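The following pair of complexes shares a single chain, subunit A, combined with subunit B in the former and subunit C in the latter.
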Partner chain A sequence: MQPSEKKNGQQSISNPELDDEEEEVEEVHQDWSQVASLVNKNAALSLPRRGEKDYEPDGTDLQEVLLYKARKAMFDTISDSIRGTTVKSQVKGYYVPHKHQAILPKPKGSFMQTMGRADSSGELWLDFHEFVYLVERGTILPYYKVEGGSKHESSDHDIEILLSMEDLYSLFSTQQEMDQYFVFAHLKRLGFIVKPCRQDMSVTASYYPPWKQQNNLHIISSRFFSLFKIQKISLFSGFFYCRWNFFFRKYTTSPQLYQGLNRLIRSVTVPKTRDELYSSVRQHERKMIEVPLTFKVWKPCANFKKKNPGLPDFQILVYNKNDKFQHFPTYEELRSIFALLDYKFEFLNEAKDDLDWDANSYVEGISRSEYNTKTTSRSRNEKNTSSLKSSKKSDFQKETIKPKSKKNSRTYPPHIQQNRRLKAGYRSFILAIMDNGLISFIKMSEADFGSENVWYTPSSQSKPERKLKGGKAIKKATPNKT
Partner chain B sequence: MSKGRVNQKRYKYPLPIHPLDDLPDLILHNPISWIYWTYRYFKSTNTLDKKIHVDFIGDTALHIIVQDDEQMLYLWDNGFFGTGQFSRSEPTWRGRTEVKLGLNDDPRQIQRGTKNNAETQLTLEKITQQRRQLRSEFKKERARFEKELLALRKKGGHIDEETVLLEKQRESLREFKLKQTEGTNTIAQPQDVYEFKLRNEDNDLLDENGELIQLESLELMPVEAFFLTFALPVLDISPANLAGKLFQADAKYEDIHSFVRSYVIYHHYRSHGWCVRSGIKFGCDYLLYKRGPPFQHAEFCVMALDHNVSKDYTWYSSIARVVGGAKKTFVLCYVERLISEEEAIALLKSNNFTKLFTSYQVGEVLYKRWVPGRNRD
Partner chain C sequence: MSPLVFDMHDIQLLRKYGICGVLSGTLPTAAQQNVFLSVPLRLMLEDVLWLHQNNLADVNIIRQEGDEIIAGITPERGAKLAKLVEDRLRKSFDYQTKFKKDQHIAKLKKIGIINDETSAEELQRLDKSNNNDQLIESSLFIDIADNSSILKDDSIALNGPSYDDIRNLLFKQYERSEKMQTYFLYKRLRDQGYVLSPGGRFGGKFIAYPGDPLRFHSHLTIQEAIDYRSEPIDLISMISGARLGTTVKKLWVIGGVEEETGSTHLFSVEWAGFG
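Up next, the complex of A and B:
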């Protein structure tokens, strides 16, 4: 057992760097030679794979030929497939101006799994950006309905006008809406599931449990401790920096010196654990600047449930660089955005292997796993009460089994863990910057260098081994010998 | 001794104030050892025997310099403070020049009285020079191969032939590189890259005994100097005097703001064990090293910002691009003042620096490019 563990440890040392390197590799573009080979078996032979770049014309026509061939492969592939829609499978969407939405009387298609809201009559309502996206993909045909003479439902007299793409784009109400659409469409085309944050979903999941009054004690205690921390800074620092410090005090190790230095600058501590997250949100409710997040994003997944999607993987804020009324968030704004975040906080995974998000998120006041079993049992007919029990049981089993299976892969030495904490930060959101149609994405994450110490402890005797201080705030760790 | 071991010994202390680590062993059942220990404990002190002397030169821009040879090295070895004016960071000009002029084959031996092996003889500047040479040899080799490929193309070779040739070339390039790295590992001799001829003006560098005159001095950033007098009593100038040199007597808050902000950040990272150096080479304010430049590359680039400031996106994106290109992590460090401007300036005037700096708060945000295509699963 031991040697294998050690091996794991070694691997993990090289891993973080590997990750970094991977990230430097640019996005892989579509290689049409592969697609072409599916369509035409001979095409692959003559097509070059993507390889070295030629930097300048080399005097031969080879580059031209290669380029031509690659382009031809793409066009051949596209031209072979049938385009357009068959009349039978045509889905019509009607724009409803006063709601700025679209209605699909006879919806069908796989998009329904992630988009739109069905009403009681079986019609599907699409948000405007979803509508434009699906039209752009060729999935639905956009119509504008002009109601004929009578206001009653006499569809014979209604005139349907087929809209063009330009018409649709002119229906965007603001530039901001259009920016948000571009970001939405970009992520959508990559396979993500994207929902506006403000959209009222039938069920919203939250990481935070419903507010309960009993926890007041917790807040008071945490406030008390934060007060204590500030006190500590002002009490002790005065002495360390006074001229006589080194006459009266003797420091026998470098960490002691560092601890003296430590007590000068206050730093913002960020929530790192579940309890800290809970209390931070409550404290923050008072001084909030409203910066609404734009989208919730889920990674592509097959069993996405529109009605009960669970916590998103990312949250996105869209900002237009060239809009005079928008700006890059200041620190105050960043902090209130961080406080608003409610997604799968990925840093919690670091501490605890394979966190069960269903058990740790809340839907309508109860934990999501409970909610899920409730709804499934309801749909499975109320008679079978044992199903609830069994499903609950299986859920329980899963929880206990999961952590065991993955534990070995996460035993990093403390200084590697610390490095990961420093580099990845804690709560984070994605900022999408729109600049004249170009979108760039940035991940902004809270960091806390103030609670990590990286000083090197010189080994006074014959120990040449590396002794990097890892672990969180080790203020108590070193014994005070004086 | 390996290079790591040498560095380990040379840079044993992360700060210029050393802890008392030479106390005798305390043996519990031996009272004499208690007495001896207590004697040694009270006799020894953390402070330096002789504080480091700094000079101030320049009228428009203040230069804070250390000119004594040993003191320069002391500041570099114990926490990597300052920059040699004629060197990249460590003040090595004298050693390099002595070797160049053929005055002394092993500069370090004279400088610090210890015998080191050939490996440590190589100054950072020389290592870079060597690396560049290897790189250019590699590029020449690659260019030769590219010509071969072009020749084949001009002859009208088929694509298959080309791929075969490419594969072969890649293989031999890989071997070439491997041979190069092996070569440097075994022969770590300081090969003089170019022939050096003694010029007339070089004689001016020597004194009447034929010894090289030290022209280089170590320049400290104002924040470094302040740290070395305010936080640790290392320099022979008091914090109040240094502040008097840095600011006019009638300084307004705008005049002191950027220094105070820089110092707050500098002290924040220093106090948590980072080696903080100027980040100007990477377009940012500070670089954070673990331990120091000889041990590891800097992993973080820090940019200072006021907490209520928002810059144009281009500002963030251009710095992030430079920082990302150097494989470092970009940290936005926001500083918030918790007292009014008047109070801050009053605290500075009354030399109450401790109170002044505790009235600031720092918060950090990491900034990283995000590529959707790589975050799908």
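Up next, the complex of A and C:
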């Protein structure tokens, strides 16, 4: 577990690694005068820097003036930036209570690329949180349509009421929904593409291939072996985990002692490769506790497809720390969450750089790349004139992209790779902790300290090497066998 | 549900009382950042309790779900509400149109097409020939109000629950998720003039500022209250709290309520750094 790279409302700084510790603990100081000037000028958005703060009130007029200015800048900014659109560019959204969704009869705008679902008649349905978010940034206007009842047949048209922000927020049905909205809006403002996990998408990609009947034997056998493995370890440790241990085994060097401990302490095996992931998830399928993850998050990308989005980059669980009915996930729940995770497992990239995620994720039982070519070929057949050009183009693009990605792939020395493994862990998800409006993002990941040999053993060969190269320290991570 | 404030004047007033809350809505003019946000202002439940106890805020209770309220709008009421919005927008439109026309005339004057002696008829002719009205109409700004006119309606707000009823209700809700003593810690610090805000990020229940957070650093991380006589202090959390407090320049504060006398006691722990 480690604090993640994202912190509520903090700007990125030039050297994150150096200032990391300070940055995390320092609170955000808001200097509203900067954003006020920003709003007035309507200049290109660049985040303002932090201002100065004092230790405590000292009763001077100067301080009073500064505080007054700061407050005024803040309140002016808020009351000057009005939500809404011009008549010309207005997009009306109508809230539908029984569906808890909103419908846009004439949708337009770039948000359509990542949000909402279009139905057959060209109308766009927005989930409630998407609706509130878009209204809040002034992209669409919220309306509620009151059906003209039978009494008022004289007035044919329905009554449309323009809703207010307060009305919209009163429509959240639970505290949880509201908290999730706050996290959603926070991530959207940062540019991420966010979808709720439970939402049914027409095409859902999964890292795991569909389990087939044939595999049953394999599952049983793997279960059997895994049972055996655990028993072996526990038997061993139960038998030897006492001071007799030192009579049976002789330790001559200190590394041996640590290696012996490795065997004594029972640990959970962390899946690190594809096969290990498959088998661990299969094993876990039975003892699943339902802890639904809240959001799937994609990094902003230009060619995002709502219908076929592929694997997400992150998965997020929202947790309100002040709610008695929620609790920090227990160990068992954490294990279930890890087994439920289904995203671009970035640690798999380490062994093979530039893993092709399309080839390694599955859609409707076939790999996603296959699925994509299927659908594109279908559309190609429909419009055969443009197909030639586009196929040429795509081929060309593929060729140009490939060498680029090769350039990016760097192999790091083993001790840095190990450092990364220890720091980032393996499967991970992001826990968004809501504390009365302040959100902290924490990355929860499986780490495997047990199988990393971090101690430094100067082998007989490396010593003379060192002397020859003039004191150049070569740190060699011992190759690990476990 | 967490308490939210939508009215700018209310927010300004609250700030005067030393309740700052957390702004959490998107700022429409700078919609791609999280440092500067706009209404709604999200308060802690302790804030509401304190305001109510000091008779600074009216608390209304809405007994219905939001969806029920909105689905229950009759056509008659809907027409009334729609008219309210219409009136507000028309006023704003009139103002905007006038402003834009004045600006246009000022511009024309500057260029020299018209001068002070140009007759009103001439002006009107110019207006029509340029299709100005249409252009202005399409550029009018429809603003979304912050405050609700639906919820303010008397028919929804419960009529006249007494002050005590509301207080009991609030306390009951608070006790469902927190220790009552924690509120007394809050109250004690609040009464001393501290400004409190949620402190989860610093490993506490609250953090306390000596004044407005816009101008001052906070010095205290306040832990949840413990039973004054019977509850032991967790040493590990104390050490880690005090250690963290050193890096963030905050005292680690723990406290509780003495049941016999009802007085609140607070203790601060600091990393001494000897040795």
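Note that in this section the second predicted complex is superposed on the first by the 295 of 482 C-alpha atoms of A that agree within 3 Å, B and C clash if a C-alpha of one lies under 4 Å from a C-alpha of the other, contacts with A are read in each partner's own complex, and residues count from 1 in each chain.
In the analysis below, a contact is a pair of C-beta atoms (placed from the backbone, for glycine too) under 8 Å apart; a residue touches a chain by one contact, two chains touch by 3 or more.
Quantities reported herein were computed from a predicted structural model and do not represent experimental measurements.
In the superposed model, A:P57 lies in contact with subunit C only, and not with subunit B. In the overlay built on the shared chain, the residue A:D275 is in contact with neither subunit B nor subunit C.
When the two complexes are overlaid on their common chain A, residue A:S445 makes contact with subunit B while staying clear of subunit C. Looking at the shared chain after the overlay, A:G191 reaches both subunit B and subunit C.
When the two structures are aligned on the shared chain, A:D435 is found in touch with subunit B and with subunit C. In the superposition on chain A, A:L257 makes contact with subunit B only, while subunit C stays out of contact range.
When the shared chain is aligned, subunit C comes close enough to touch A:L67, but subunit B does not. Residues 22, 27-28, 48, 186, 190-191, 321, 433, 435, 440 of subunit A touch subunit B in one complex and subunit C in the other. Partner subunit C is touched in their complex by these residues of subunit A: 8-11, 21-22, 25-28, 30, 32, 35, 38-39, 42, 45, 47-48, 53-57, 63, 66-67, 70-71, 74-75, 77-88, 90, 95, 97-98, 100, 133, 135-138, 141-142, 144, 146-149, 151-152, 159-167, 169-175, 178, 182, 185-186, 189-191, 321-324, 433, 435-438, 440. Against subunit A, the residues of subunit B that register as touching in their complex are 5, 8, 12-15, 17, 19-21, 23, 41, 44-47, 150, 153-154, 159, 166, 230-233, 264, 267-274, 290-291, 299-300, 305, 307-314, 316-317, 320, 327, 329, 331, 334, 336, 353-355, 357-358, 360-377.
Subunit C makes touch with subunit A in their complex at residues 1-2, 4, 6, 8, 11-12, 15, 21-36, 38-40, 42-44, 62, 65-67, 69-71, 73-75, 78-79, 81-82, 85, 89, 137-151, 176-178, 197-202, 207, 210-212, 214-219, 244, 247-248. Across the interface of their complex, subunit B is touched by residues 20, 22-24, 27-28, 46, 48, 51-52, 58-60, 62, 186-187, 190-192, 233-234, 237-238, 241-243, 245-247, 249-254, 256-258, 261-262, 264-268, 299-300, 314, 319, 321, 327-335, 419, 422-425, 428, 430, 433, 435, 440-450, 452-456, 458, 460, 464, 468-469 of subunit A.
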